[in-house]
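In the two complexes that follow, chain A is the common piece, with chain B as its partner first and chain C second.
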Partner chain A sequence: MIKRTALMTVAATALAAAPALATDVKLGVLNDQSGVYADLSGEGSVVAARMAVEDFDAESKGINVEIISADHQNKPDIASNIARQWYDQDGVDVILDVPTSSTALAVADVTAEFDKIFINSGAATSDLTRGNCQPTTIHWTYDTASLANGTGKAVTDAGGDTWFFLTADYAFGHALERDTTAVVEANGGEVLGSVAHPFPGTDFSSFLLQAQASGAKVIGLANAGADTVNSIKQAAEFGIVQAGQKLAGLLLFINNVHSLGAETAQGLQMTTAFYWDMNDETREFSERFQAEIGAPPSMVQAGVYAGTLHYLKAVEAVGSNDSSAIVAKMKEMETDDPLFGKGYIRKDGRVIHDMYLMEVKSPDESTGEWDLLKQVSTISGEDAFLPMEEGGCEFALAD
Partner chain B sequence: MSTTENTTKAALPAMTHTVGMPRHQKIIFVVLLAVLIALPFMVYPVFAMKVLCFALFACAFNLLLGFGGLLSFGHAAYFGMASYVCAHAAKVWGLTPELAILTGTATAAVLGLVIGSLAIRRQGIYFAMVTLAFAQMVYFFALQAEFTGGEDGIQSVPRNDLFGLLPMKDDLTFYFFVLAITYGGILFIYRITHSPFGQVLKSIRENEPRAVSLGYHVNRYKLMVFVLSATFAGLAGATKSQVFHLASLTDVHWTMSGEVVLMTLLGGMGTVLGPIVGAAIVVTMQNYLAYLGAWVTVIQGCIFVIGVLLFREGIIGVLSRILKKPL
Partner chain C sequence: MFELLGVPPQVLMGQLLIGLINGSFYAVLSLGLAVIFGLLNIINFTHGAQYMMGAFVAWMLLNYLGIGYWPALVLSPLVVGAIGIVLERTMISRLYKLDHLYGLLLTFGLALIIQGLFRNYYGVSGLPYAIPPALQGGQNLGFMFLPNYRGWVIVASVIVCFGTWFMIEKTRLGAYLRAATENPELVGAFGINVPRMITLTYGFGVGLAAFAGVLAAPIYSVNPNMGADLIIVVFAVVVIGGMGSIMGAILTGFGLGIVEGLTRVFYPEGSAVVIFVIMAIVLMIKPEGLFGSST
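So, the complex of A and B:
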């Protein structure tokens, strides 16, 4: 029943030739494979991890890699149970991906308990490297703070200096609004007001009209998932973007934009850590990826690839699967991969790399189904992510 | 859920005389205990604890539906709220596990009293809708309240020493504490259903106007069973938050209310063992089918369809009919 992708089996001859060099590692991809996040993580993340192993050519470097995967159904208790079982009984060394905040935080705790490694790509909560940080957690792709920072700063710098927020009325939405407001004001912008909508919401018309009436140049969407998609759809019906206001999505993935279509989403600004059509290397990777999955990689899947690659480099350097040595090595080495370019991992586990402010193309500009975004500006990692000193990660600040 | 189904099934257990436990049920309880003691050595202890928590939750629900004839669509409210309060008590107030669980359970009891006293004024589908509406209110409270942590939930809940003395960090040790709670709870529920109080409940379920004409204060009985059911659901939820070191929105979401209905119906409504078997099946599917990735929901759906088509009275309900003994 268990789906195992045994990738590398060192041939008997190779084993006999260099038995001391062989290191066995087992990767577990734990994510949503049947729910709302299945498109942006799911099976694609498993493929991304496998591609990283192949591209690294682990076999010839004496590393035997096995990849297993499971669907956590977005339930933290299931995620925690599977993680525990993987570490305790199945000999998994590292867990990858894990979207949604509550499941990610649960897995981070279990990982610390067993002293293994957790490379998160899918979850948004910046708490993974702040209040709830663990020495064994590495948070790769993005977090709420970087999205707020990225979009807030870049849009304000580009002239969008008056803002109005459409906020999902729960902790996540308010946190996003608060973080973005701070950035907008620090960069000389002004927040004219905000309106909280119920979560989950279906009818955004009255909130959108308030936003329109505010006269703000930018309407910030401090919500996520279906709420963001629905508010963008309804904004298109009111012709808000055509009338001159800009929509800024604070948490949005390429898959959301694809489902909205260029017609509806055109002009929308958003921050992303990765876009498939950035340079030759990302295009080359995305082409191979799309051949298997049918869609280009999302930033979450790209993060799984990059995280796996960096992990394998550390395994090679350390020469064993000793978790604490590997984490230390991962934080010591600079990160460098075809998808995210150069970067580094901070002591608190936060990966620092550039983020990009993107704008959704109009249907005229778009030349293909997935040709959806154009780059507006690059946000350097130091600007995008919250400084470690403000994060409140105790073990990282202690030494 | 239909009344005809109830009558046929109730005819079996209601007729047996209720002094003491029938011999075959004594054997069942002994075998059950033996199986549960052996369980953590056969499967992963945390998974075994999860099965126990959901078994107790389903038994609590069965008390209301199977014996009280009241279909609640809002049992996640008690389960989830108790798990939040227990997690908060253990993490922020630093209470020991037994006190934290009691605090959570008490919260569920109070919540059950408030919601129950309003909901029992209506019957049938209206009753179900009222409970669902209140459960949604509790969900939105959990989503918005400061102490629940919104989407993140309450994480890294410590498992303090039991009674301040016994270390509970080891999962296998904690399993036996959870086993004591669950087994005690199940026995207690059995005792309730086989007491004079339980007999009155059955009579109300079968024919409410007649129970009224016999001089019973029907609403008091209904409220009592509602509060008891909510309390045990809370006990299960509070225990679960100690098992997993976390409390999250999953436990208070309406899908959880649906899951417990499924567990009870799949296992066999109105039977003693049914909810336990149903809970074990559903939890096992969620965990062991997780490796199948996207197929997990499809397979779950098929199994439920088959269950409904082949086992109309639930797995244990059918078994009970074949053996002609209440199980």
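So, the complex of A and C:
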């Protein structure tokens, strides 16, 4: 299950002129490599981490990086077993990615126990920096609160003031429903009800009919990946949108939009931390990435790249692989990378950067297979993420 | 107007109909399994992968050769059935003399390999497959909006299921098949080529899975993992109906679709497990299954 995808060693002795000793670090990319989230994280995240190591030119800076990866199959027990083995026996210093909120919460706890570092990109739950926060967790790309402040707020402001949720029945879905409910209510809206569906699901028509019967103006899809794709397809099939209700896909990735096709998905709004076609730097990175993986990077894969880059900068500054010192350095240094631009990491581990409200292009507007989104607005990091004071992360608020 | 546990009757009617639609898939899939088990004594764990291949072949026919839905409904089961026949001849037939477990392990391994190959080439996000133009749109039934395609799924499944039942239980060919299962040597002595009949039966069972796959392609995304979860549920359906019972597989398939649909209204969190709970109860009370014979 555990495979070595890249082994990069450097002979420090070759740098005869450099007086500093080489630092060895081992990165473990732990994610879904075969299930519903494999396309948006999976092998692409491993490639993203490797590209960060190459772009940082770790070798010439005296940092020996080894990357290993494993498939956690979206199961918390498997994820925490691998994390334990990696920290305990394999000498892993940092675990990256970890989509699926339930597995991320498990890995966050194991990481704290071993006093290592966890840079999460794939998981959504805002609990990683709220009640379940750990001093060793950094949550990079997005979270349920930022999705709620993006799509949830935009849809409510546009007149969608009554909601019904279709919620994936695990940590992520419930966190997304909770955070979106807070935003809807804060903006004068009302939640009429919700139904929890099994994860992963196949047929959503039954739940969609319940949503339809609720009479709510907006059906909020608090699910992800193939579940969201199937919900949207089936809502179209059952004429739910034509009958006047609006769908709000609260978490959509570029891969999902591609799978739906512009014809079905056009006009849907979504919140993202990254889109490949934003500026020259994102396009340059995406082109290199696509050459290896066959699709442009998702925001999750982009977050793995940015997180790895920032981690390596901190390792260079600290000059050792001392986890506590590196985390402190990461939170002290401003984040700055080609994909997310400038930002910073809060004491509770939340990375603050801009989020973007996007809309899916119509087939006429789209000029290429992956030319799928247009930007509606930018949401500043401070507005997108929940303020630390409201999050309830105890260690961060203690001092 | 009466309400059942706070659920208005219109909603309930809609849910019953949706349960019937999902039950159609369970019925066609469990029928294929029951045919293969009943006549070959092989527990075909590759069935879910073959269902997925049915959907993929339909997608490939459309995207590589420009062949649409209706021809695919016939061609895809033939192609996947032929692949099944190759598997049966080259591998599965070697295990007939051994315990069921060997066949189960072989077919399970094959399923993992097939799914892995498709995942490698096509990823897991799913590929779009449009509903054929003739079946787009839907009917307003008063209590719900029924998409034409879903109505077609019910009709097609019922025809295929009862056609299969009729062929096996009521025709001469079916009688040969059933006799060959009971006593292959004797039937062979009458000049009937038993191994060829068994091979074709396996191909037919696999073709049923592929047929369900083509039916599913326009409504669920065409995805390498689409059969992996479904196959477990379908096995539970077969066990509840009685291993090898043709009519049992059909009726339990439709019936459990409805039970699952109702669970989604009254206790949605339990909808993923309700079939397994029923399976456990049936196994305790009537281990041979609802329609199984106790021999």
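Keep this in mind: the second predicted complex is superposed on the first by the 299 of 399 C-alpha atoms of A that agree within 3 Å, B and C clash if a C-alpha of one lies under 4 Å from a C-alpha of the other, contacts with A are read in each partner's own complex, and residues count from 1 in each chain.
Definition applied: a residue touches a chain if its C-beta (ideal position, glycine included) is under 8 Å from a C-beta of that chain, and two chains touch if they have at least 3 such contacts.
Everything quoted here is computed from the prediction, not taken from an experiment.
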item: Partner chain(s) touched by A:Asp71 [first = chain B, second = chain C, both, neither]; value: first
item: Touched partner set for A:Ser80, first chain B, second chain C, both or neither; value: first
item: Partner chain(s) touched by A:Leu105 [first = chain B, second = chain C, both, neither]; value: first
item: Touching partner for A:Phe172 - first (chain B), second (chain C), both, neither; value: first
item: Touched partner set for A:Asn279, first chain B, second chain C, both or neither; value: neither
item: Touching partner for A:Asp127 - first (chain B), second (chain C), both, neither; value: first
item: Which superposed partner A:Ala38 touches (first chain B, second chain C, both, neither); value: both
item: Touched partner set for A:Gln375, first chain B, second chain C, both or neither; value: neither
item: Chain B and chain C contact sites that coincide on chain A, given as residue numbers; value: 34, 38, 169
item: Chain A contact footprint on chain B (complex, rising order); value: 44, 46-47, 50, 143-144, 149-153, 155-156, 240, 244-246, 248-251, 286-297
item: Complex interface listing, chain A residues touching chain C; value: 34-40, 169, 195-198, 200-203, 205-207, 209-210, 213, 225-226, 229-230, 233-234, 237-239, 243, 255-256, 258-261, 264, 295
item: Contact set on chain A toward chain B in their complex; value: 1-3, 33-34, 38, 42-43, 68-78, 80-82, 84-85, 88-89, 100-102, 105-106, 109, 125, 127, 132, 169-172, 199
item: Residues of chain C that touch chain A when the two form their complex; value: 8, 10-11, 14-15, 18-19, 21-22, 116, 119, 123-128, 131, 138, 144-145, 147, 149-150, 219-221, 223, 225-226, 229-230, 261, 264-265, 268-269, 271-272
